[in-house]
Amino acid sequence: MASVSLDRVRKAFPGAPDAVHELSLEIADGEFVSLVGPSGCGKSTTLNLIAGLDQPTSGSIRIDGKPVEGLEPGERDIAMVFQSYALYPHKDVRGNLAFPLEVARLERSEIDKRIAETAELLGISKLLSRKPRELSGGQRQRVALGRALVRKPRVYLLDEPLSNLDAGLRAQMRAELRRLHQKLRATFIYVTHDQAEAMTLSDRIALLRAGELQQTGTPREIYQRPANRFVAEFFGTPRINVVPARVLGLEGDDLVGIRPEQIELLSERASGVLEATVEEAEMTGAELWVTLSLGGESMVARAPSDFAAHPGGRVWIRFPADRVLRFEQSGRTLSQTRL
Amino acid sequence: MKARSQAALLAAPAMAILAGVAVLPVLAAIWLSLHRSILVFHEERFIGIANFRFLFSDGRFWSALGTTAYFTAVAVAAELLIGLPVAMLLQRGGGFFRAAILLPWAIPTAVSARMWAWLFNADYGLLHRLLPGVDWLGSPRTALHAAILVDVWKTTPFVALILLAGLSAIPGDVVKAARVDGARPARIFFSITLPLLRPAILLALLFRSLDAFRVFDAIYVLTEGGPANATETLSIYAYKTLLRSGDFGYGSALSVATFACVLGIGLVFLRFLGRER
Amino acid sequence: MKRLPVLVFFLGPLAWQVLTSFWPEPELTRALPHALTVANYAGLGTTFARAVLNSLLVAAGTTALCLAVGASAAFAVAKLEFRGRSLLFGGALAISMFPPIATVSPLYLVLRAAGLRDTLAGLILPYATFALPLTLWLLTSFFRDLPDELYRAARVDGCTPWQAFVHVFLPLSWPALATSAILVFIFSWNELLYALSFISTPSKRTIPVAIALFAGEHVEPWGQIAAASVVATVPLAFLTLFFQRRIVAGLTAGAVKE
């Protein structure tokens, strides 16, 4: 097991802004850390740098405290799972699992033992003699995972491993990954563009935007105390409402943010409420997403599914003042909300 | 870092071969063309651009250039005109038909030229029997056209296949839409098919022009440049000067001139193609 | 059938040649032969058999060299980074436009100096050079179409670039290798100019040279020439019949944008 640390790592491809800019990140031994961000923000590039598939333009990477500069990917004691799985099409499942061990020149008996263990763990023992093209998407995903597991590496790098699965399988594999991490206690670095996935899986999340680190923290920290407007808007469905302070009856010219679930909807006027008009109500099953019009701005609130909201109708809203986020001109969150 | 040097190593043999057996020789040919170099006399003397000065006043060179240009223009035009309908026939499928058409392209040009020489034979050739009175290879007027016919026979399949690839890349929905819009087949051909086929046509033109301009095999076997040098192309003239006369200096100058022409044609076409993309 | 005139134009001359090859030599003056004979084939003798063997050797040698050198270079161009990558690819395309005549004189002198003039081995290197751009083009586009992640996976699994090539990419590339091999083989089987320029001993001639220089004692032996032509054509007829899909794919690779 090992820690991974990035120190002001920069990667520039010719003729483009930095794909990764001065990224510093400490990942503890055994931690499950997600790198999240919109597509093209440099997540895969970061992973490739850690894996040694690309060389940083500047900065340094250490695994278990030792600089890995100059080490080939195979020498870094890492394993990687790819979005497309990248299974070797000409090898059967057994051949795919055996390959990294064969390259490392392990004993045949040891290879067979590890393949059996891993196949057992992932429930793919019956598939060992199949070719990748004879497998379903979910089975391929398991084989890709297995190819990483057989090596018993210190660090697992996973690049959007679940994004090619349908929703049902994805939920199942999420739970399985969580279980695997608990069992192995290895360091997992997990890349995804899906904020919900990052939230449910990770010990800690690092959010990137255009190659720059925005914030790191536990899912709770990131959700409740986002460092800036971008982070606040990235996490949570529906998105956080960002409106001028005056719309919520607050002082100042700043923008403020309030999460949809913090807004309480009332069908009658009460003290300390604001009046709003219903624009639209979207039924999602468990709850109702109500789009409101308030002071010329649109906002979304979450309400119980039996709440009566009709387009054009009138409702009243209430929210806990200490849950309002206030953003500076630059987008940064002001440390303490004031009313 | 290790990986990078290994990458270069993987490519090194190919680079070495291309540099050593193609680029260097061309440079060497240019160097040779600045010399008076007669193999049998063991003579080798730097004479600057004297060979090229001679070349500009060499009537035989200009005639060979004209013959080559005529050959290229007529042959390539004919190949396109025949190749397009053949491509449209190929589009309807048929593995045997495709293989049959491919055969003329696949066999050695020397073989097909010999085969046509027999068809052209002035005494018993099949063409002579069908169409008496024309001495195909014997008269200066017809000999070049006979060579063009051989080239057309051999390379139209190639042109047709390139055009077929272009045709297959035209989305079927576009043609359907035009039909729904009430366009007749002829209109569809000229307003839809032909414009969309432009890149493929240009590509076929590029490949074929470059290839036709360096024509050697067919003419060497059919006529060796005769009668009365009527079919002598640049490659034939250069070959004779180099290997028959052993004049490596002037022969190289002729080769370099051929190279320069081909380069010019290539650049012109690449400009057109580049604009297309 | 609109195909009939097309078939007659492209196959008619070949059919006539096949007929001529079985046509008794003394009867060539007649409209049609009385009887057919294999005498033309029997009369080809050992010189022509040598030419067939020579062509096979040169074509096989060229194909092997071209693929060995081309596959690894194409892999490097498609999947690796190294200095001179675009130079190699662009240079190869430019070289494919070179007229062979432009290199005849220096190659002649070099081969002579190396003692390789008038040898079959001396033909293989120039042939491979001129077939290399096509090979590179075909194999590079094939390797490009294989996912980058496959290469990355192999690297993470501990492979050097060379091992990734040998264990992962080479086993996957046989369709493209086959296509390239067929085209290179046909090219080498058919080449005339270099063979004519560099080979002088009759027993070392390749088929195109042998046929181009085929001469009788008094008159042209049309029947024998026809027989020789048929022999030279048969292997190619089989190649085109069995591998036409590959050949067409290879010839038109890159002719249209995907």
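Letters A, B and C name the chains as they come in the text, with residue numbers starting at 1 for each one.
Everything that follows uses one rule, which is that contacts are C-beta pairs under 8 Å (C-beta built on N, C-alpha and C of every residue); 3 or more make two chains touch, one makes a residue touch a chain.
Fair warning: this is a prediction, and the values are worked out from it, not measured in the lab.
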Max Cα-centre separation from subunit C goes to chain A
Of all chain pairs, the one with the most contacts is B-C
Subunit A and subunit C have mean C-alpha positions lying a whole-number Å distance apart equal to 54
Whole-angstrom distance, CA centroid of subunit A to CA centroid of subunit B, is 58
The distance between the C-alpha centres of subunit B and subunit C, rounded to whole Å, is 17
For subunit C, residue numbers touching 2 or more other chains are 155, 160
Touching two or more other chains in subunit B are residues 2-3
Multi-chain contacts in subunit A, i.e. residues touching at least two other chains, fall at 72
Interface with subunit B, subunit C side, in the complex: residues 2-3, 6-7, 9-11, 13-14, 16-17, 20, 28-29, 31, 68-70, 72-73, 75-77, 80-85, 88, 91-92, 95, 97-110, 125-126, 128-130, 132-133, 136, 155, 160-162, 165, 186, 189-190, 192-193, 196-197, 207-209, 211-212, 214, 222, 225-226, 229, 232-233, 236-237, 239-241, 244-245, 247-248, 251-252, 255-257
In their shared complex, subunit A is touched by residues of subunit C numbered 147, 149-150, 152-160, 163, 167-168, 171-172
Subunit C partner, complex, touching residues on subunit A are 48, 51-53, 72-75, 78-80, 82-84, 86-90, 99-100, 103-104, 147, 151, 157
So, in the complex, the side of subunit B touching subunit C is made of residues 2-11, 13-15, 17-18, 21-26, 28-29, 32, 86, 89, 94-95, 97-104, 106-116, 118-119, 121, 123-124, 126, 129, 153, 156-158, 161-162, 164-166, 168-169, 199-200, 203, 210, 213-214, 216-217, 220-221, 234-235, 238-239, 242-243, 248, 251-252, 255-256, 258-259, 262-263, 266, 277
